[in-house]
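You will see two complexes here that share subunit A, one where it goes with subunit B and one where it goes with subunit C.
== the complex of A and B ==
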């Protein structure tokens, strides 16, 4: 395995998925919302970018719209699209709590997946859209993969800065108040339902941007890339890093991505052994996840730290 | 018109399977108080044990199925004791998320052992019967009969036996049940055995009526959730009605909309029910 390539891949996808984990962290740890449909906002971003930038359909293409727009327009539309989808799905569902919210968001993500798969007019159905346009940024001799790693890092840093600003503002303190004691927050005049909705929509925007970047990197969008697996991946990363802090969310994601990339990088002699490795990777991921929740590792660390030595 | 009636009949069989798959899930929800996403993976475990014994070891179907159900049942109890019981105090949301991890472990395990590809049991081909121009296979009839039998047995068990009454008492109010001398731990174990055993039975049915691939379990959880939510989480008798509704709705929808949208019907039901009637068919107030 080429160590350098591994490092770049880890950096790129680690930062990219960190954006999702950070948004989930905001929704769950700060807003108290269990979103089991994270992948939907990611998919909306990726498809929005592809549709805005691709050329009008020709030949065997079955999609209907291709605007042939510039990449930055696609990127912006991706964020707006994700926010739009968050408004569409959040408005009716956010009055639901806990597991009911989890199930509805999950169901919305599956509905979207089903539409992307069956409505060929959106993005060629199960075939997907290949050759998604990449922005023509090239510096002298820097390879594309480095540029995208830097872009992912930038997007992650921007997300962290924006979320930090929000959380440090009076608005952020109001959010914490709602999370800690909803009744008390309501009693001092905070519109709890509205805040939950706003947090939900705001945190969908970076997910949309990440989707656009993902489409640029893979140059392919297809329903296969956007399954519930992505949602669970992000959840596992969040739990892995501890849901309390942003740094934890990022570290959890990077550890999980590294683990996956390393397993994928191992050369296998047969298809069967590669398949076993993939399944074992699945099992280990699940097992780590269960163990962390089982022994509440991060709770203990934070309790140990808060107690004076 | 007769095509529509045919879809209706097939829908009844699909619905009966969904009832079998969902009853255990709802029982867990009622007694343990959380959504066990890993329930569907138990269907997969049972289906592949049946397949392994029947096809690889050459056993006849019945003993293979019996072993599969017992093993799955014990397996479910072991998972519950090892994973869910210690974190029960952390609340249903953590349990729900944990069960996703458990589903990963089981799914990955089945994948690693069985491998990819499509498999079928070594059983005679289905015989088709015709009534008034409507076709139904003997396996479909068996699923319907077993669903009915299971529902009746479970109802008798929950109403007539002391363990069954204890289960209902714990489901209604664990503290009160404990204070009246019900052994809550023993009841919880019995619940896990029964619900996992029901998942095992549903898994055997799945192996008989469908071709098996390792991702089959994940597709079941989507439908199980739909049925459980339509019934009202945690209610058992309305599972029978809602299982039939979801099954028939899914199969009959093919008459009007492309077949690719068949799974979507289940999710449309989830969204509509949660938005307009979160308590489900049972009418019991949702927690």
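== the complex of A and C ==
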């Protein structure tokens, strides 16, 4: 196994998905909103990036719009698109609480998935958009994979800084007040509905950016990539890491990604061993979850390291 | 307590890592086998991977290439493009693979960009997707013809059978929609009535809703372009719903497992399957068949010959270019496949190259000459379900579509 390649993969996907976990952490642990549709905002970001940067349709393409814009425009539109989708879905749903909100957000994500799959004019339906443009950034001899790992790391750090600032401000304290006791917060003059809506929309923006970065890395967007599995992955990462701390959210995600990459990073030279590994991976994943949750390793580390921010 | 848990985890990690395979030696050249071993196409992935292993064993038995013995690394994509990209990245960057063999259509399309960027040759034995008709040709090749040919063969068969009405049930995937569109055009041109053209999403517990209108129109035949999981449910539900006509399936259902899964009694005598197939009368195919029988004890499965050919093409290209890289293969693969002295095995080709001759590899799956998009022209078989197995009933050589 090549440890350098492993490290780059873990850094890239670990940081990228950490952005999702951090946003979910903000929505759930601080805003008290159970969002089971995280993948939808991620998909909107990726598709928005692809549509803005894609060349106009030709030949066998079935999509209708390709703006052939520069990558940075695509990136910005991805964030705006995710925020837009959050406004669209947040407005009618955020009056719901607890599991009702969870179900509605999940349903919205499924509707979007179905829409992308069947509405072939958006992104070629089930075929997806292949060869999504990558920004032509090259620093001397640094390989692309390192550039993207650095970009993912930067995006994650930027997300952490912004969320920290929000949470440390009076606005953050108001959020905590709303989560702890809505009625009390309302009694002292906080507009609860509006706050929940704002948090929901703000936290969707980094998810959109992450979607754009993901599209650049895989150079492909297709409905297959944006299933409920992504949402569950992020939730598992959040649970593993322990809610309420940013460090926990990041650690949980990175451990989950590392585990996947290590198992898949083992080169198998025969068909039989690759087949066995494919089946054993799931069993091992389950066993490790049980171990981590039994001793709550990451929650202890994060709480010991930092007070809940 | 915490220390102990960490200790245990590191123990688990150490066990995993110690299972890792050996590091590439200088006298080896690595080829990645990127196939679905799980999921809907798992059975095909296994056939392909085994045929590749057989090919690699043959090449190595003949002394390997001038770049060294072929070494394979195998990974499961589950047919998922993202996994495919991640596994491919690892094969190229960490294992130094010069070629990736065996991706399915969706994964193949996703890899086009990476293949060109990393200068790694990607070859598929079954990715018929018409998207590659535009994207393929440079670093991206296939030893199977495009889906358009599959559609044409299906259309030809449906017309020949003399059906008056046909319904189409097509899984919402590119590999099933593109041939269906071609078959549909063929039928319309032949004046056959198309009662329904239903595109359905796989993964549903039931397809009753899709079948209501199809069955109400009582078509003579149903053309079912679906995966194994959805296909089996559709077959069972249509029969339960009173469908008494005939079936034509596409390649995904051309496996013997379908008789156990759907029930042989539902298929015998009334189901047919169309798939890209090697010309069984060719001596190259017969040689491969007997080799396969000796090595595995069974007959070659669908795309087995195409997979075997991929390995030989890669090995001969490495031998011919002398440059042990993806670029080397990309530069010579067309020359090796076409023009020069006809050879039908790696050993023959190696000997001819050593004498300084140009070679023309005649594969087990056909003559193999790549067109502009890196695609070969192909022949097709129709098999019928008889007594719980698929039996050849019709063969369309490549010339049938000219």
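In this section, the second predicted complex is superposed on the first by the 267 of 309 C-alpha atoms of A that agree within 3 Å, B and C clash if a C-alpha of one lies under 4 Å from a C-alpha of the other, contacts with A are read in each partner's own complex, and residues count from 1 in each chain.
Keep in mind that, in the parts below, a contact is a pair of C-beta atoms (placed from the backbone, for glycine too) under 8 Å apart; a residue touches a chain by one contact, two chains touch by 3 or more.
Model, not experiment: these values are computed from the prediction.
Student: For A:283, decide between first (touching subunit B), second (touching subunit C), both and neither.
Tutor: In the superposition, A:283 contacts subunit B only.
Student: Just to be sure I read the superposition right, which of the two partners does A:218 touch: subunit B = first, subunit C = second, or both, or neither?
Tutor: second
Student: Applying the document's definition of touch, where does A:93 land relative to subunit B and subunit C: first, second, both, or neither?
Tutor: first
Student: Can A:117 be said to touch subunit B (first), subunit C (second), both, or neither?
Tutor: both
Student: Return first, second, both or neither, reflecting whether A:274 touches subunit B, subunit C, both chains, or no partner chain.
Tutor: Only subunit C is touched by A:274; subunit B is not.
Student: Is A:191 contacted by the first partner subunit B, the second partner subunit C, both or neither?
Tutor: Neither partner.
Student: Considering only the touch criterion stated at the top, classify A:235 as touching first (subunit B), second (subunit C), both, or neither.
Tutor: After superposition on chain A, A:235 lies in contact with subunit B alone.
Student: Of the residues on subunit A, which ones does subunit B touch that subunit C also touches?
Tutor: The overlap between the subunit B and subunit C interfaces on subunit A comprises residues 114, 117-118, 275, 278-279, 284.
Student: Which part of subunit B faces subunit A closely enough to touch in the complex?
Tutor: Touch residues, subunit B against subunit A: 34-35, 83, 86-87, 90, 92-94, 96-98, 100-105, 107-109, 111-112, 115-116, 222, 225, 229, 233, 258, 260-261, 263-264, 267-268, 270-271, 274-275, 278, 286.
Student: Flag every residue of subunit A that touches subunit C in the complex, lowest number first.
Tutor: 1-2, 5-6, 9, 13, 59-60, 114, 117-118, 125-128, 130-131, 144-145, 218-220, 222, 224-225, 262-271, 273-275, 277-279, 284, 288, 291, 295, 297, 300
Student: Which residues of subunit A touch subunit B in the complex?
Tutor: Contact set of subunit A toward subunit B: 34, 92-93, 96, 98-100, 102-104, 106-108, 110-111, 114, 117-118, 232, 235-236, 239, 272, 275-276, 278-287, 289-290, 293-294, 296.
Student: Using the touch definition up top, name the residues of subunit C that touch subunit A in the complex.
Tutor: Against subunit A, subunit C makes touches at 1-2, 5-6, 8-9, 12-13, 16-17, 19-21, 33, 37-38, 46, 49-50, 53, 71-76, 78, 80-83, 85-87, 89-91, 93-95, 106, 109-110, 112-114, 117, 130-131, 133-135, 172-174, 177, 201.
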